[in-house]
Amino acid sequence: MTCPPLPLVMIEPLVRAALLEDLGRAGDLTTDAIVPAALKAQAVLAARQPGVVAGLDLAICAFRLIEPELRIRVIKSDGEKLNPGDEIALIEGPARGLLTAERVALNFLGHLSGIATATAGIVEQLADYKAKVVDTRKTTPGLRAVQKHAVKLGGGANHRFGLDDAILIKDNHIVAAGDLQTAVARARAYAGHLVKIEVEVDTLDQLASALAIGVEAVLLDNMTTSQLREAVALTKGSAITEASGRITPDTVAEVAATGVDLISVGWLTHSARVLDIGLDYLG
Amino acid sequence: MTCPPLPLVMIEPLVRAALLEDLGRAGDLTTDAIVPAALKAQAVLAARQPGVVAGLDLAICAFRLIEPELRIRVIKSDGEKLNPGDEIALIEGPARGLLTAERVALNFLGHLSGIATATAGIVEQLADYKAKVVDTRKTTPGLRAVQKHAVKLGGGANHRFGLDDAILIKDNHIVAAGDLQTAVARARAYAGHLVKIEVEVDTLDQLASALAIGVEAVLLDNMTTSQLREAVALTKGSAITEASGRITPDTVAEVAATGVDLISVGWLTHSARVLDIGLDYLG
Amino acid sequence: MTCPPLPLVMIEPLVRAALLEDLGRAGDLTTDAIVPAALKAQAVLAARQPGVVAGLDLAICAFRLIEPELRIRVIKSDGEKLNPGDEIALIEGPARGLLTAERVALNFLGHLSGIATATAGIVEQLADYKAKVVDTRKTTPGLRAVQKHAVKLGGGANHRFGLDDAILIKDNHIVAAGDLQTAVARARAYAGHLVKIEVEVDTLDQLASALAIGVEAVLLDNMTTSQLREAVALTKGSAITEASGRITPDTVAEVAATGVDLISVGWLTHSARVLDIGLDYLG
Amino acid sequence: MTCPPLPLVMIEPLVRAALLEDLGRAGDLTTDAIVPAALKAQAVLAARQPGVVAGLDLAICAFRLIEPELRIRVIKSDGEKLNPGDEIALIEGPARGLLTAERVALNFLGHLSGIATATAGIVEQLADYKAKVVDTRKTTPGLRAVQKHAVKLGGGANHRFGLDDAILIKDNHIVAAGDLQTAVARARAYAGHLVKIEVEVDTLDQLASALAIGVEAVLLDNMTTSQLREAVALTKGSAITEASGRITPDTVAEVAATGVDLISVGWLTHSARVLDIGLDYLG
Amino acid sequence: MTCPPLPLVMIEPLVRAALLEDLGRAGDLTTDAIVPAALKAQAVLAARQPGVVAGLDLAICAFRLIEPELRIRVIKSDGEKLNPGDEIALIEGPARGLLTAERVALNFLGHLSGIATATAGIVEQLADYKAKVVDTRKTTPGLRAVQKHAVKLGGGANHRFGLDDAILIKDNHIVAAGDLQTAVARARAYAGHLVKIEVEVDTLDQLASALAIGVEAVLLDNMTTSQLREAVALTKGSAITEASGRITPDTVAEVAATGVDLISVGWLTHSARVLDIGLDYLG
Amino acid sequence: MTCPPLPLVMIEPLVRAALLEDLGRAGDLTTDAIVPAALKAQAVLAARQPGVVAGLDLAICAFRLIEPELRIRVIKSDGEKLNPGDEIALIEGPARGLLTAERVALNFLGHLSGIATATAGIVEQLADYKAKVVDTRKTTPGLRAVQKHAVKLGGGANHRFGLDDAILIKDNHIVAAGDLQTAVARARAYAGHLVKIEVEVDTLDQLASALAIGVEAVLLDNMTTSQLREAVALTKGSAITEASGRITPDTVAEVAATGVDLISVGWLTHSARVLDIGLDYLG
């Protein structure tokens, strides 16, 4: 499945803000002091680790906003696999612009490729299971759209994007409503016809109640693998089953083996390590 | 040493943006549908892991912007140590506001406490050495000010904040200038009197050249510990020595043992894991 | 069903922008020139027509941003019915602030109450049918969140809020994909598990194909009432049926009589007339 | 009379905001899932009703911001008359961009053409009278500049743009000042030499007072046509006469027949219906 | 004549931007390092030179945004005269906030008081003449509203605020139109009924033409005093006469003696010196 | 020494804001009414006084944002000397765009060239001394980056850019800390390794204390020239010496003669007069 880039109108404001954050009030003192205006240079964005590219469009946007004369040739597009040493893109033009934009470009590229790579690692572990990995709302403030896009580039799927595009009834909501029936009934009455409802359950009893009412999906929270297995059996495909709760790459395979449909991994967006991508300056 | 909070005028725009990102165009469908407007509740922000708090001011700002009637009592302030189970703050008031702001508050709190905690872990390892841990410009776009503040809360020190508040001459700048002498001379002529100059060196020969010219600090890039030891000996305190290059918590102690003044760790801001902090809803 | 207000963090930016648009670069010349600073006044927001209130929170926000000392007592809350002459809110305090904020407050209040009132008028016509009225994406640029909120206050339901929170496959998408099967298959593979899929169909044949594939909802575009009736019969509850295409208050009842589940009315947000609400200045 | 377009620097922020409002955090799910990246298409913006074009520059801006490679050929420029079926512009290029920008482009085009068309309808009714139709400050928040521009494109004239570019003394201002003389005197003393003063009068007595003092214009508020006729006679051209107060297309001609100079119609910007313009996708 | 403050909604964004510009990404390093959080202090804003206060509302806004607990007592309000040593306001509360906001507060206060003072100096020189001093569009980018407000506080009057609130036909416009008659005719046809027209004339012949056509005001550009005298005689009160062109405090009196109605002085907003106001820290 | 331009990403937002401030809600009424759309024109930016160019990049940005078809040929670049009559740039293209952007372009150009020219005047006076002129934080709110850039273009040097990029310990900080030693010790402990510390001293005794502690720079505040001479002798090069306090072009030479390293002149950014640059319209 392809995953088209986000429109420039969505990513450009992020890149502008990041550049201004780095340039401060005086711009790039070092480069401005040392590098001659007329100097041209070439550089290569290159992988130092295996992984999956993401954020290349943001990196390119950073170079272009600093120096429109930079010519950029993409070798590995967003979503492609990387081996150590692989060239991702070639950049050519005024040396100053190249050096000034470098850090911001790499910050986006490394961070988002880190998320795509972490996702791809889990996707690979899930190859023999039907379970799909999904992200959460545990994202870095300001970057939700691009982080979730990176999850897709890594082969994962997106959970809801915010509080407003799906209903997820958690334990606290049920407490507030009095019981699960009331909570689901209120949600149904309130939500538009294209809004799905998912309910978080902590026990098999709660699951049975939820299934009896009929909801689109159930979030099985912090269950053991044996509980998950029973939950899947109980559900019999009548709702989408999602396992959730501090799942990491180390535990994801055994969770998948329980037969759940989805595994949500907050770790992807809040704790994945950066992917080591560097800029090799060819002079 | 105390570390005062950043002014509200600096953090409020970040929190507003994060809330709007989560609320989307329809607000919190689930809470609005299910939780009665008049319902009051209490909740506790509590640590699930040991660590150091950071970002509590942003979390509080999130709750207050969503619901000014929420009363918040701080138990552990930014910069304080946390044991698992420790209560960080008590929140009391309208249940809807509490639930709607929860995720954004936790996203800031977990992310920044993760950075403070990672920093504190390294600081502890450095207890018997003179070396201080410093951050880098490898930060998450949009969050540099608050991430670097979290590093300070964890006991670390801040490297430069951007391209404009110090001069850091890297290998590519030297190539562009022709040689180190020219690069430093241009930087001195260009920079204001309160701007310090640091030079990146990859070899002991380069270090000798840099010291001969006289610079405020040298960044010893990707050196082995034995090279670092020689570099420290060579420098004899005539410049600040900074070790740099893919240093992680696993390697930081042996680097410190070489006698360097500073160890810069990009990992702190680009790859530290979230600290697990939860909201316990007391109803 | 209650409909909670949108969080202040969502509406305040709209109100600030509207005030600045009206104040320009010199503020309220007339009031500043003529009205003494110390003068206090009372005023009443009052309905001149029957209708439903919406936008009162935005109106109040406008008065408060201009003059925090204005005291406002709400008599009719958002979503309540209005008879001509009904008082909506009492405002008391500095006369200057009251007069300066008046127009912006009324612009929000009249526009959004107009939408709520138009919706309520249709809802009333649908009382004996199962059909619910829903809005569309044909909204006034910049005001989608508050316009759709006004539709809810009038008793209507919300269709998707944007391009990103549901999939609506239109004729052009099907042409681009080659056929309906391919289009739906691609959508299923691409969308997250909480994203519903609706397909636009122009003929009963297309409807049959869509139902055979299985989608959550079908949009019956520009069909005659007899076609709609057949479509409902054909669907037999296996998908949500939505009638669409230039439906107005004049035609909505006969459409509802066909048995469809939903009737979408773009007219609500792009062409509803303002509700006549005035400010009676009591001096 | 020609009416030049507003500078791009004024309209682009509106279009960007509208696109982001529609794209949300995930972009156009449907198109991204279904339409191949390489697919090219042609489409025509076409009138479904008679009217006057306005907002074409905003529509074009929307297509260009989403997809710079779209080529657009304008057939009917802003301000031109439309017959049903008339082609307004031809768009050619990547199908994805075309479909993603469509709704935002049409929302601007339909809304503003609706205002221009409504204005033109009134202008036609006024053909045999000297009266000109003018807009008011009863505009949709955020869109005042473009709505008032649409009124001009429809052949109308603009009243003041905000609280700061002219003085309009209303009944409440007179009450606050004590009497009309004081109010006008204060306004004269306060206003710059390029600021005109208009006074709202409700009775012929008030009109006489205003004329005695000497003001540039009088707003004859909610007068009957016979009162208006007397007011015009009384004024004898010594001030501009403006009829105002719930005037609609149904009543505008009889008002014009009284001989007033201006007729202000809030209805143009707060209640005019959208003009039905569609995008015919040619594949 | 009183001059009410600009609404907070207009000035707060300017103050926020100025504070962020000064705080950068790390806040006030010096104060945060040195001044204890609990320390309270008192300080006085005091005049070091004679002048007129302006911008006190912006200064107060700066202190409040940095530290809401600061209590501020105003002694001299905007528009009041200052003698050297006069206390303007007393500020009391947390020492940190006081010191952090100081520079931004003084920058607004000194700059705007400088403009008000320069204006007042000219107003004094014009005491025996009918001429009023007015500002121009030669303002500092971003500060037009507050600079023009300062001119009013100094006793001056405002010329138009921008390109959109009055018509000023300059020589280049006349060249473009072909002749003055055409230019004025086009302007009359284009402008709303509350828009005045002023024409720039360089010679007495041009003036005669302009008066023959009839315009609200004439700008007498770069004329000698004897030409101005003739121009006034020629005009005989049939239009407002405005002298313009590099007039400074040194030349304003002789210009006024010619009998013109207005003297526009760009110097007020582009070249007036700061007024020396300091913060006396009382500890 | 060359001084590279600030990146477009830093200056474009300033120019956009300035244009919107001037265009208001209706754009350039005069030009739109009078100047034919098809008319082409040529114009020259020309110096009316001797000076140094600064802000040409902002002026060009203003023309381009209003009318991308304007072709601009630069004759004198930022930082170059100007004689009266010198042509700075040639502009050619649509007459409307040229006239609409003129004032904003000139406002930036005149203001910033005024600062560069004032700086150059002082630099010339300092030719025979080692002292360099530096700016301060007494800048016009919103314009710090471009004003400080203009100081560099005039040959001056930049002091710190804000509260966050260097430590400057003033008298009030010392009072708050108790004594100078404590203040400096706290600053050292708090600041990063690339942050320099400067201390303000009012007397020679304080200077002696500061030198004993060891700081990078001392600000000699409001000292007489004989005190400055003693201070320089006392310092013996062990710290950078900066003279400060109401120094103007009239007094700068005698201050330089004392042997100080730096002379800070707030006057440069808060009180320098505009440089008279005009647009000669060639038709």
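Should a chain be cited, it is by its letter among A, B, C, D, E and F, assigned in written order, with residues numbered from 1 in that chain.
Going forward, a contact is a pair of C-beta atoms (placed from the backbone, for glycine too) under 8 Å apart; a residue touches a chain by one contact, two chains touch by 3 or more.
Predicted model only: the values in this text are computed from it and were never measured.
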Each chain counted as touching subunit A and subunit B at once: C, D, E, F
Pair sharing more residue contacts (C-beta pairs) when B-F is set against C-E: B-F
Classification of the subunit A:subunit F interface as same or different, half of numbers criterion: different
Identified repeat of the D-F interface (over half of residue pairs identical), from B-D, A-B or A-F: A-F
Centroid distance [mean C-alpha coordinates] between subunit E and subunit D, Å: 32
Intercentroid distance (Cα basis), subunit E paired with subunit A, Å: 51
Centroid distance [mean C-alpha coordinates] between subunit D and subunit A, Å: 44
Gap in Å, rounded to a whole number, between the CA centres of subunit F and subunit E: 22
Multi-chain contact residues (two or more partners), subunit D: 21, 23-27, 32, 100, 144-145, 158, 161-162, 164-166, 189-190, 195
Partner subunit D, residues of subunit C touching it in the complex: 14-15, 17-18, 21-36, 39, 41, 95, 99-100, 103-104, 106-108, 110-111, 114, 137-145, 161-173, 175-177, 182-183, 186-187, 189-191, 195, 246, 266-267, 270-271, 273-274, 276, 281, 283
Residues of subunit F touching subunit C in the complex: 21, 24-25
Residues on subunit A engaged by subunit C in the complex (per definition of touch): 1, 134, 157-161, 164-166, 189-190, 192-196, 198, 216-217, 240, 242, 261-262
Contact set on subunit A toward subunit D in their complex: 2-4, 6-10, 144-145, 148-149, 158, 161-162, 165
Residue ranges of subunit B touching subunit C (in the complex, touch as defined): 16, 19-20, 23-27, 32, 37, 65-66, 96, 100
